[in-house]
Every structure is written in structure tokens, then in C-alpha cells.
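Next up, some structures in C-alpha cells.
After this come two complexes, each holding chain A, first together with chain B and then together with chain C.
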Partner chain A sequence: MSAPSGPVGRSLPRVDGVAKVTGAARYLDDLPLAGVHHGVTVRSTIAHGTFDGLDLDPAFDWSQVVVVTADRLAWGAGLAAGGFGENYVAMIDRDQPALVPPGGRIKHVAEPLALIAAPTKALALAARAACTPRQTARPAVLTIDDALRADVVLYGDDNVFKQFLIRKGHADDDEFDLAMVAAAQIIEGTYHTGAQEQMYIEPQAMAAWKDGAVHVAGSMQCPYYVHKALKVLLGCGADDVVVAQTVTGGGFGGKEEYPSMLAAHCVMLTSAVGAPVKMVYERDEDIAATTKRHPARVRHRLGLDADGAIVAIDVDVVFDGGAYLTLSPVVLSRGVLHAAGPYRAPVVRVRGRAVATNHPPHGAFRGFGAPQTTFAYERQIDKAARALGVAPWAYRTRHALRPGDTTATGQRLEHSVGTDDILAAIAKVAGPPPARTGENAHGAPVVRGRGYAFYFHGAGFTGSGEQRLAGKASVVARPDGTVAVLASSTDMGQGAITIFAQIAADALGLPPSAIVVPDPATDVVPDSGPTVASRTAMVVGGLVERAATALKARVEAWAAGAGVAGDFTARAAAMIAAGAGLDAHGALAETVQYEPPPGIHWDDATYTGQAYPCFGWAGCLVDVEVDRDTHQVAITRCVHAVDVGKAINPVIVAGQIEGGTVQALGWAVLESVRYKDGKVTNASMTNCIVPTFGDVPDLETIIVECPYPFGPHGAKGVGEIPMDGPAAAVANALEDALGVAFDHVPILPEDIARALAGAS
Partner chain B sequence: MTAYLRPTDDAHAIALRAAHADYLVLAGGTDLLVAAHHKPVPVGILDIAGRFAGITVDAAGARIGAGTSWRAIATSAELAATWPILPAAAREVGALQIQTRGTIGGNLATSSPVGDGLPVLLALDATIHLASVRGARTVPYHQFCTGYRTTALGADELITAVTVPRPAPGTYLGWRKVGTRAAQSISKVMAACALEIVDGRIATARFGVGAVAARPIRAAAAEAAATGQPPTAAVAAAVAAALRHDITPIDDVRSTAAYRLEVAGNLLARFVTNAGRTQG
Partner chain C sequence: MTAPLTITVNGQPRTVAASPWRRLLDVLREDLGLTGTKEGCGEGECGACTVLLDGAPVCSCLVVAGQADGRAVTTVEGLADGPLLHAVQRELVARGGAQCGICTPGIAVCAAAVVDAGACKGGDARAQVRELLAGNICRCTGYQLIVDAIVAAAADVERGQP
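Here is the complex of A and B:
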């Protein structure tokens, strides 16, 4: 990294840091809302069946309580007529009701059946305890195999929400089989990965009230997703509903889909009560009801020639989508697009399916489908190296994609390919592996091993997604002398507003403290697209840079003509005073819209072409130590090298990498969401375990910068890639240590005990 | 509404307990506040936080007031010098905040099968001191836990203290907690031991195990297998095998019966071989 000349590239303190550390930051539940009522949700307790109606305990005093069931609302009337639009949480499909109506079908445990509001939370909870939903259970679909068998049909006629087929280097299955048959050996495995809870510190929280328009504020990643869903729910126009993000205590994808549901509930209740309503989930409810990472089954075959080169890759990916479609097709898309891995292969077939089950819907979680398929292919590559007797890192070095190579979709890699830099960075620091055996502080014998993983992650939306989205951002010089960045990207702790200020300040030649980034609200900021897909720095940051550059050029051109000297602030103030080119707010605004880099071609029908504008690249080395008395796994070393293009703020980037690494290590050896009969049985922080600092070693984080020519200062994505690979590195290290293959996550001590008992 | 009483001194606490046997006792509050989320609202709360606290050590042993926090136990140099497994167990109770609020008496009264402080007290042959308006009495700790979350504590009684004798010279003390993660976890298996070695043989053995039965228990069969034997690998294996007669682990949301059975045996076996090495 060369010394930065402007704000970009400096580890400036987070804009929101002091408020969060001192407790001054106001989360939704901290905000004063005059006359607010507290909303709670009556939920189903069966995985599949019908909602026959709601019984209210006649002994309870209902006088201060409002109970809403879907049959009490005027659907179809629209907001203007005092009613509602459609009873759906509008995302991709409209299959998920916001509230299951009496007589309607229940498709998962913890599905919302009725809403309750009361002046105090205690009263609302007491009222909920006095409600009993009548339910009739039907046979449920609880596994991927059940779903594919389709004896019970939940969606379409085969329970398949979405499927994809990628073919590279062959026309049909017969041609594919010929390529695979020609392999000298085939490495084959089936890999299972479990659900994972995002466990953001601030639970789901939302409020709604009516003040001319319908206002919704809360903890969320994507204000315009909520806005879109509410327009359908309310049957109203874009200006009739305003959605604002409040300070958000973590998201990790968990506040991508579900806030639309919660916002719908708040809106229904505020309409029934005639007062503001807020809903803040308890932790157990949040874990039981909201989205988690898709459980997955990935079958993977790797055909190798006599020299160990890959001649064909065959992958079959199935994701458990849960009860409704939500965003599963998009998650699946990313999963299949990464399933062949960053390795040279002339022939690739990837089939992907997301299927319906009676689990609560699975959804977005950091990595968004890629961690599941990365686990499979990086286990496979390790097994290939093992079968060939080649050192695992050397095997990857030999076969990884380089510039000029093509991916599974035929995307020819040209720029910003971090392979060699990543491989070199890991090799440089690796050092000798740990001693095979030893003893720990308990006097217990230990065995040790080392594992690697190498992987890539497409930055930004898939295929033509960014073009379809056409995200916008504005940079505005305002009459009060401030410069504002207006974007709908939310800061949920990842540093978005800090890097926006750095990028805008750099372009304008101002200190970052001169830039303000208002909290996103749909009546203030343009739709920059959702805060997902590792796109905020690369795509929206790029829009901010372009808007700032355009604004500066406009002001300088005017100043040159008018003979006004000084820095940007002085010239903008003079231009505003002169009334030149002002918008409706008396400000100088530049709004730009996403434009794809030249030469991007993607075919949704055949799933070929440029799947992503560019990829991030990463390598991970993990050393493990297994206690032979307890089978507990200690991760004693974790080196993670990640190519981010350009670190706009290196400390924030390192924080993203380290946080993602810990989340990935947790998924590998600790985190297990347990379902029984469709219900989460460990819905508490006590039993739904996530790592503490005691569970991770000092992380060795290496930032690699292979610039993306079309990103701001070369930046590409960083948010998700650290989640993709460490789990495979851990599994590979465990196989190295124990000589037993682990093809699932989480790999718990109980699993190791069972595997060793079986092996002996 | 829940009534709330806070006694002015220890005697007052005992008097109030007699008058309000139906109240919940709040010592550190760390169990009570978790229960507040899912248990019925108590009739009343008797807040004895700060009462019966303090550690004293003399020639006979240590006396730990029931209201002593885990943090005070964890940081006691006097306990660490003679009973190092007590501070070691205290350091693995919850998080620092829980250690600071939570008390040894609360752990004893709640008597959860996964109570982190309990196996150590079994291994150390602790005695529980109880008081009521009827008078004071003592109960050996291994007779105190009567079943799943039930104890010998009378409805009008409070726990006032725990005493532990000084271990005989040459006693090996061991402790290990196997939790769901490295810190702030609930135990899957816990074990503690006191193995008195005389002339190269285990003269007396006490094994306390937790999370493998309805209550924290002494492992009698394992103790019998160890007693009179040298602390060798073969005896260690026999102890692990014998433990299967003592415990009844279950499958639950945190672990499996098979894992608990195997690991509890491994922990006891390791205590025996570690004790043997201290003889080296």
C-alpha cells in the first residue's frame, strides 16, 4: 500500500464510532415516540396445517388491547380508501402472507397469525398469553429429500422454488458424461452445511406511525426493499409511505428480508390502534422466527487427468429454502455461480435447486450461498491433492484461475485477478506446520493439523443485476455550507458512512469532516440499491465518487467563469449565493446512476457470460489442535489474505475480514441451529452458540490490493468473502490432524467423537 | 405486584425467611433474572445480596460465606494456595459480569445439574451450613442435592456458608469443565477430583461430576475403582469404565449421551494419570 495523498486509504475513525462506544447512539427501542403502543405477534406452533381461528380468553381484560387478524382488514381497498392492498410480503414472489388469515395455510412454526398492541409491552405479552390459535396439523416437509420426493407439495408442483443449470464445454448430459468418463480418477463427495443464525446484537426492531404519509422506521439493511413491500401491502403510491433506517446494531443479511415482514406488522397495528406502534423482538422470538443461512447439500465430482489437472467438474446443489420463496433464487444463484471454484476446468456442469420445506424461510446471510458451495469445492480440491500426493497449496497454485482463464460461465478473467498475490501472501507467512502431537494445559494429549482454502467471491449483483437495479447516489452542496452524500446504503456497523465521507472528501479536496451522510430515509435519499452483495464500497462508493467529481467540475467551471477563487466550499457557497443551478432545496446537487463497465455481457437464459463485474480473491491457512480427551477443536492459528482491490479505510477493511473470519470459524466448529419437527429447539443465546473472543486465536489478516479498474480507487467487495473459505480450511486441517474426512459443518466435538469411534 | 424485602443484617434475613417462605431469595440474581423471562412472577423477593459474604481460612480449612461472589473466589490468593480448583472453577462461571454478581450460595440453592461450582465442592468434601429461626445445622454436600434441582434446604432456611477441609498432604486436585465453547458457556460435562496419594497408591478418591445426571454427583463406582490402586494408565482406564455405573447422561440440545459418557470417563482417567505424574 502506498502512502495515501487524500482521505482515501487512511484508517480514519468511524463516523459513528464515538456514539456507539459511549452509548449515545439511539437504536429504535431508545427513540421517544409519543403515545407509542407495543406490538407482539401470535405465532403458529405447527410446521404445516391450517389456522382455524383465534380463541381469546374471556377472563382476560381486553379493553386496552387491540388484536388484529388478517380477516379484520380491508384488503384490496388500498390506503386511500382507509384499507390495505395485498396480504403479501412482496419480494421476488408474492407467496408469503404478511399474516396468515383464519382458514389459511400455516407453512412453518412461528408463522405470524395475529398481532396484538397494547399501551405497555407487559400488557401486550399478557394478552398474547391469553390468545390460543386453533390449528390443524398436516404432514410436514422437513428435509431436502422430503422436499424433492414431493409427496407433500408446498410450492408449484414439485417443491422447487428455482433451478439453474450451468454448462461449460459441453452441449448436453451425454457430452458431459464423455468428458467425465475420460478422467483418470474421480474425486466424489457429498457435503452438508447447516443453518446459521446471524445473531446481530440488536434484535429486529421497527416502528410505524401515520403523519400524512405512513412512516416506518427501524433496524434494517434495505429501506427501499421495505418501501417496495409496503407499497404492495398498503396499496399505495411511492410518496404515501416513508421508510427510514435507524441506527442498526448488525445485520449480516438477517435484516435484508425480515424487516419487510416486521414493517408490515407495525403498519397493520398502527392502522388498527390509531397511534404509533413499535415492535422489538425478544431474542428467543428472533432466533425462532427470522431467516437463517440456507442449509445445503452439495454433491461434487471432480474428474482429474493422469497429471492431476481437472478435466470436468460436476456439481449438484440443493438449498433448503424454507416455507416461502423470499430471496432463495438469488441466494441459489450465487451458490451455483461459485460452485465450480476458482480453478481451471474445460468442462463444468452445475445444477442448482432451492426447495420448499416447512422450516421458517431461510435467507440472506453474509456470503449469500457461496459459503455452502465453497465448503464443498475446497474440500474436494483438498481431497484431490491428497489423492495425488501433492501438497495442498501447491495443487491450488498449479490449477487456480489466472488472467486469460475462463470461469464456469465462460467469463474470461482479465483485470483484478488476485490469485498470484494471494498465493504468495499465504506462502510467505505460512512457516512450518505445527508439531503433530503434544499435550495441552489440562495434561491431555493433542493432535494438530493444518488446512488451507483458496476461493473467490463475485463482487456486486449477479449478472445484469446492477444494470437492472440502476442504483443512484447524490452528492449535494447545501446552503448551510455542508456537503451531503445521499445514498440508501445503510451503515449497520460495517463502516459504510465513513468510507462514503472519505470517497466524497477525496474527490472534492475537502477533509472528511466536511461531509455529512444523512441516515437513509426514502423521502431523502435516492435508491442506491440494497446494502448487500459486497456492493456498497465498489458500486455505491463508485457512484459517490462520480457524483462528487461531477459536482466539483460543475462548481469549478462556474467559478472559473465568475472569477471566484478559493477551495470547493468557498466556490460552492458563492455559486449558491449567486443562485446558479440550484435544486428545489436551494442546493447544488449531482445525482448519478450506475453504468456497467464496458464489455459486460450476461445471458440469464443460459447462465453464461460475465457473472460479476469482478471477483475478490482470498486464501486462508488454519492450524487446529484437537484434544484427545474431549475432542474439542482449538483453532490455534488463522491467516487470512483477502484481495479487496483497494482498502478505502484499512482498519475498517481489516475489521470486516476479521469479523467475517470469526463468523466463518463459528459456522465451522460451533454454530448449530437445531430443528425438531420444524421448530428451532435452541432459540436462545445460551444454546445457539456463537464464538466469543476466547474461541479464536489472534487473527493474522493480510490485505491484498489488486485494483478493479472500475471501482472507486480500485475498490471491490470485502463484506462477504471472509465468510466463504475458513470453514473448509478448518475441515481440511481436521482431516490432516485426524486422518478422518469431515464433510459437513458444524464439526462439533460430538461429531469427531462419533467419527473416531467409527474409524477405530 | 411482587413484594420486595431487603433485610438489615444476617439475623434479620433469617427472620424474614421464616416469615416469607414463599418468597424467592435473590442472592446475585443471575438465575432469577433469566427466569423472569419464562417463569411465573414470584409472590415476593427476599433480597439478601451482600449478606453472608466473605472468605476466611484457618488451620482446619476454608469458610466461604454463601453470599461470596464467584469473582471473590476466583481472585482469592488464600483459596488458590490450598484449593486451586475452587478459583479455577469460579473463573469458568459465565462471564465476568455473572461472576461478579453470582454467588456460591446461589449456585448451591439453584442446584442445577450444570452448576459450575458444584463438582468441585463434591471433590473437596464440602459441608453446607444452614440457618433458620429454628437454629443452625450442617449437611455434608454430597447429601445436600436430593434430585433434579432439589436440595435438603428447608423452606424456612437460608444457606449461610460452605466449609471445605484442608486436603491431606499429597492430595492431587483436578478440575475440568467441557462447555459448548471456550468461554461463557453451559457445561456439557464437568469433573473434579481429590486423589490422596499415600505410598504411591490412591488412599482416598473423590470424584465430583456434573451435567451427566439429574444432579451433581459423587462417582462412587469410579472412586471404588481408584481406591487402593496406584495412579497408572491401567487404573485410569478402570476408573473410566467404572464411571459408566455412576452416571446417566442424556441427549439434549447441548450434547449427546454418548459424548458425555465417553468424555466424563476420559476426564476422570486423565485425573488419575495426572496424579500419577505428580508422584514422578
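Here is the complex of A and C:
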């Protein structure tokens, strides 16, 4: 990294840092809301069946309590008539009711059946305990195999929410089979990855009130997703509802779609109560009811020629989507687009299906489908190297994609290919592997191993998604002398507002402290698209840069004509004072809309073309130590090299990489969401564990910069890629240590015990 | 049942009429308006609600208000000396140790206690941090930059830098 000349490339402290370390930052539950009532949710206890009605305990004092069931609301009347629109959480499909009506179908445990509001949380919880939903259970679909058998149909006529088929280098299955039978050997495996809880430390939290418009504020990633959902739920226009993000205590995808549900509930309750209502989930409820990473089954075949080169790849991906469609098609899309991995292969077939089960809906979580398929292909590549007797990193070095190569969708890689830099970065620091056996710090005998993984992650929306989205951002010089960046991208801890200030300041020649980034509210900021898909720095940061550059050019042109000297701030102030080109707020505003880089072609029908504007690239080295008595796994070393194009703020980038790395290590060996009869049985932080300070080693983070020519200063995505590969590196290290293949995550001590017992 | 409880909060004696059975966390947040202390799990696992009780870190979701009667409580609002941040707070900002910030008050309070007690120095400083802070969960950072910040703060305190 060369020394930066402006604010971009510097590790400036995050702009919200002081508020966060002093406790001054106000999250939703910290905000004073006069006369607020507390909302809680009555939920189903069966995985599948009907909601026959709600019994209220006559001995309970209901005088201060409001109970809402869906049959009590005027659906179809619309907000203007004092009613509601449609009882759906509008996302991709409209299959998920905001509240199951009496007589309606229950499709998962913890599905919302009724809402309660009371002046205190304690009273609301007591009232909930005095409610008993009557339910009739039906046979449930609880596994991927059950879903595919479709004896019980939950969606369409075959339980398939969505399927994709990618074909490269062949026209049909017969041609594919010819390619595969030509292989000298075939590496074959079936990989299972479990659900994963986002475990943001601030639970889901939302409030709603009516003040002219319907106002909703809360912890969320995507204010405009909530806005869109509420327009449908309320049956109202865009200006009738205002959605604002409050300081958000972590998201990781878990606050992408679920906040629309919570917002719907708050809005129903505030309408019934006639006062502000807030809902803050208890941790057990949050774990039991909200979305998690899709459990997956990935069957993977690698056909190799006599020299070990890949002649054909065959992948069959199935994701458990849970009870409703939510975002599963898009998660599946990313899963299949990454399923062949960053390796040269002339013939590729990837089939993907997301299926309906009676689990609570699975949804967005950092990586968004790619970690599941990455785990499979990086286990496969490791097995291929092992079968060929080639060192694992050398095998990857030989067969990884380089500029000029094409991906599974036929996307020819032209620029920003980090392969060689990543491979070199890992090789440079790897050093000798740890001694095979020894003792750990407690004197217990251990066996050690080393594993690698290499992977890529498409940055931004898939295919023509960014064009369809047409995100906008504004940079505004205001009469009070400040310059504001207006974007709907939320800061949930990842540093968006800090890097936006850096990018705008850099373009305007100002110190970052001169830039303000207001909290996103739909009546203030344009729709920049959702805060997802590793797109905020690359896509929205690019919009901010373009808007700031345009604003500067406009102000300088005016100043040159008017003969006004000074820096941007002085010239903008003079221009505002002169009343030249002001918007309705008396400010100078530039708004720009996303424009695709030249030469982007994507065909949604055949799933071919440029799947992503560019890819990030990464490599991971993990050393493990397995306690021979307890089978406890200690991760003793983790090197992670990630190509981010350009680190706008290197410390923030390192924080993104390290946070994602530890979530991935947790998914590999600790994090297990357990279901019984469709119900999460470990819905608490006591037994649904995530890594602590003591569970991970000091991390070795290497930032690699292979610039994306169309990103701001070369930046591309960083948020998700660190989640993709470390789990495979851990499994590969465990196979190296123990000589037994582990083809699932999480790999718990009991799994190791079973595997070793089976091997001996 | 409410009783007057006298708790010295961030150096100031405060009297609150509250049931001694309410959680200290709720009394701090609801009765005293000190919303810097966060609730992440309500069962003593995440550490977001950490405060100091007579100088020792506790999960305020597991302490009833009556246990704090007549004792001293320090919350995140009490760490800084006016605008002058505690070394732990300053280093967390400078070194990127706060991301979403919801765990940060608990981590800052716990780290301030251990650093002020002279821990987290020497050759195994990083291991000490990992041991002493193991009751505070952060889901954003991967812990690396927090460990950096706390070790730096311990060095600052040792040098007499506030």
C-alpha cells in the first residue's frame, strides 16, 4: 500500500467511535419514547398445522392490555380508511403472513399468531403467558429429503422454492456425462453444513408511532426493504410511511429481511393501541424465531485427468429454505454461482434447489449461500490434492483461475484477479507446519495439522441486479456550512459512514470531519439499495465519489465565473449565498444513479455471462491442535489474506476480515443450532455458543489490493468473503491432523470421537 | 414491593425507590437513565451489561438491585473524566476496537477494571486479555483489535498516561 495523499487509504478512527465507547450512542431500546407501550408476540408451538384460535385466561386482568389477532384488522381497506392492505411480509414473494389468522395455516414453530401490547414489558409478558393458542398439528417436513419427496406439500407442487441450472461446456446431460466419464479419476463427496445464528449482540428491536405519517424506527440493515413491506401491509403510498434506522448493534444479514416482520407487528400494535409501541426481542425468542444461515447439502464431483487437471465439475446444491420463500432464491443464486470455485474447468454443471420445510425461514447471513458451497469445493480440492499426492497449496496454485480464464458462467476474468497475490501472500508467511504431536498448555497429548482454502466472492448484486436496483446517493453542501452524504446504506458496525466521509472528503479536498452522514431515514435519503452483498464500499461508495466529484465541479465552475476564491467550503457558501442552483432546502445537491461498467452482459434465463462486476479473492491457512483425550479442537493459527481492491480505511477493513474470520471459525467447530420437531432446542446464548476471546488465536490478517477499475479508488467488496473459506481450511486441517475426512460443519468433539472410532 | 435503595453510581450517591428484586441492569437503564449499559442476553453470557460493583466486573442482568444497596457501581458513563476518555476507551477508538458498539460498554468497563488493576502487561499481555475478557462476547471484531486496544491501554496506564 502506497502512502495516501488524501483521506482515502488512511486508518482514521470511525466517526461514531467516541459515542460507542462512552455509552452515548442510542440504540432503539435506549431512546426515550413518551407513552410507549411494549409489544410481545404470541407464537406457534407446532411445526405444521392450523391455528384454531386464541384462548385468553379469564382470570387475568386484561384491562390494560391490547391483544391483536389478524382477524381483528380491516384488511384491504388501506391506511387512508383506517385499515390495512395485505397481510403479507412483502419480500420476493408474498407467501409469508405477518400474522397467521385464526383458521390459517401454521408453517413453523415460533410463527407469529397474535400480538400483545401493554404499558410495561412485564405486563405484556404476563399477558402472553395468559394466552393459549389452540393448534391442530399436521405431519411436518423437517429434512431436505422429506421436502424433495413432497409427500407433504408446503410450496407449489414440489416444495421447490427456486432452482437453477448452470451449464458450461456442454449442451445437455448426455454431453456432460461424456465429459465426466473421460476423467482419469473422480473425487466425490457429500457435504452438510448446519444452520448458523447471526447472534448480533443487539437483539431485533423496532418501534412505531403515528405522527401524520406512520413512523418506524429500529435496528435494521435496509430501511427501504422495510418501507416496501409496510406499503403493502398498510395499503398506502410511499409518503405515508417513514422508516428510519437507529444505531444498529450488528446485523450480519440477520437484520436484512426480518425487520420487515417486526416493523409490521409494531405498526399493527400502534394502530390498535393509539400510542407508540416498541418491540425488543428477548434473546431466546430472537434465536428461536428469526432467520439463520441455510442448512445445506452439497454433492460434489470433480473429474480429473491423469495430470490432475479438472476436466469436469458436477455440483448438486440443496438449501433448506424453511417455511417461507423470503430471500432463499437469491441466497441460492449466490450459492450456485460460487459452487464450482475459482478453478479452471472446461465443463461444469451446477444444479441448485432451495426447498420448503417446516423450519423457521432461513435467510441472509454474511456470505449468503457462498460459505456452504465453498465448504464443499474446498474440501473437494483438498481431497483431489491428497489423491494425487500433490501439496494442497501447490495444487491450488496450479489450477486456480487467472486473468483470461472463464468462470462457471462463462465470465471471462479481465481485471482485478487477486489469485497470484493471494497465493504468494500465504506462501510467504506459511512457514513449516506445526509438529505432528505434542502436548498442549494443559499437558494433554495433542495431534496437529494444517489446512488451506482458496476462494473468491462476487462483489455487488448478481448479474444485472445493480442495474435493476439503480441505486442513488447524494452529496449535499448545506446552508449551515456542512457537507452531507445521503445514502440509505446503514452502518451496523462495519464502518459505512466513516468510509463514506473519507470518500466524499477525498473528492472534495476537505478533511473528513467536514462531512456528515445523517442516519438513514426514507424521508431524507435516496434509495441506494440494501446494505448487503458486499456492495456498500464498492457500489454505493462509488456513487458517493461520483456525486462529490460532480458537486465539486459544479461549485468550481460557478466560482470561476463569479471570481470567488477559497476552498470548496468557502466557494459553496458563496454559491449558496448567491442563491445559485439551490434545491428546495436551499442547498447544493448532486444525486447520481448507478451506471454499470461497460461490457456487462448477463442472461438470467441461461445463467451465463458476467455474474458479478468483479470478485474478491482470498486464501486461508489454519493450524489446529486436537486434544487426544477430549477431542477438543484448538485453532492455534489462522492466516487470512483477502483481496479487497483498495482498503479505503485499512483498520476498518482488517476489522471486517477478522470479524468474518471468527464467525467462520465458529461455524466450523463451535456453532450448532439444534432442531427437534422443527423447534430450536438451544435457543439461548448459554448453549447456542459463539466464539469468545478465549476461543480464537491472534489472527494474521493480510490485506491484498488488486484494484477494481470501476470501484472508488479501486475498492471492491470485503464484508462477506472472510466468511466463505476458513471453515473448509479447518476441516482440511483436521483431516491432515487425524487422517479422517470431515465433510460437515460444525465439527464438534463428539463428531471427532465418532469419526475416530469409525476409522479404527 | 419498593424500598429506597442507596447506590453510589459513578461516584454520586443515588437513591432510588425500587423493588430490591429488580435487576440492577433495569434500575440503571430505566430509573437512572443510564442506557449505556446494554442487555444482550439477560442470562450472564454475553457481558454487554457488565458494570463494576465495588470495582469488580459483574453482569448487571444477574445482580438484583438490593445487592447493590450501599455499594458503588461504575457504568460506562462513569469511565471518562469529563471529556477525557479512559485509556481503554481512547485506545478502543484509536485502534478500531469498536464496531457496532453494542458490546463495547461492557468490554470497556471490564477492561478498565483489569487495566486499572495492573493486568494485561508483560510478555503474555495478550493471553491475559483473552482470559480476563472471556466473559464479554463481541460478534463483530474477531477480538483482534480489541486485544490490541486493551494491551495498548495497559501500557498507557503503566506510563501514567490517563
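The criterion applied here is as follows: the second predicted complex is superposed on the first by the 760 of 760 C-alpha atoms of A that agree within 3 Å, B and C clash if a C-alpha of one lies under 4 Å from a C-alpha of the other, contacts with A are read in each partner's own complex, and residues count from 1 in each chain.
By definition in this document, a contact is a pair of C-beta atoms (placed from the backbone, for glycine too) under 8 Å apart; a residue touches a chain by one contact, two chains touch by 3 or more.
Since the model is a prediction, treat every value here as computed from it, not as a measurement.
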Q: Answer with first, second, both or neither: which of chain B and chain C does A:464 touch in the superposed model?
A: neither
Q) Who does A:482 touch here: chain B (first), chain C (second), both, or neither? A) neither
Q: Using the touch definition from the top, say if A:692 reaches chain B (first), chain C (second), both or neither.
A: both
Q.
If we overlay the two complexes on their shared chain A, which of chain B and chain C does A:663 touch? Say first, second, both or neither.
A. second
Q: Look at A:202 in the shared chain and tell me whether it touches chain B only, chain C only, both, or neither; answer first, second, both or neither.
A: second
Q. Does the superposition put A:655 against chain B (first), chain C (second), both, or neither?
A. second
Q | Chain touching more of chain A, residue-wise (chain B, chain C) | A | C
(Q) With both complexes superposed on chain A, which partner does A:143 reach: first (chain B), second (chain C), both or neither? (A) neither
Q: Examine A:282 and indicate which partner it touches, taking first as chain B and second as chain C; both and neither are also allowed.
A: both
Q: Classify the contacts of A:444 with the two partner chains as first (chain B alone), second (chain C alone), both, or neither.
A: first
Q) Looking at chain A, which of its residues have contacts with both chain B and chain C? A) 282, 686, 691-694
Q: Name, in rising order, each residue of chain A that touches chain B in their complex.
A: 282, 284, 442-444, 628-632, 634, 670, 674, 681-682, 686-687, 689, 691-695, 749-750, 753-754, 757
Q. Within the complex, which stretch of chain C touches chain A?
A. 29, 34-43, 45-46, 48, 75-77, 79-80, 85, 88-89, 92-96, 98-105, 108, 126, 129-131, 133-147
Q. For the complex, which residues does chain A have touching chain C?
A. 11, 13-14, 16-27, 29-30, 198-203, 247-252, 282-283, 492-495, 651-652, 654-655, 657-663, 684-686, 690-694, 696, 698-699, 701
Q) chain A touches which residues of chain B in the complex? A) 37, 176, 178, 180-186, 188-189, 253-256, 258-259, 262-263, 266-267, 269-270, 273-274, 277
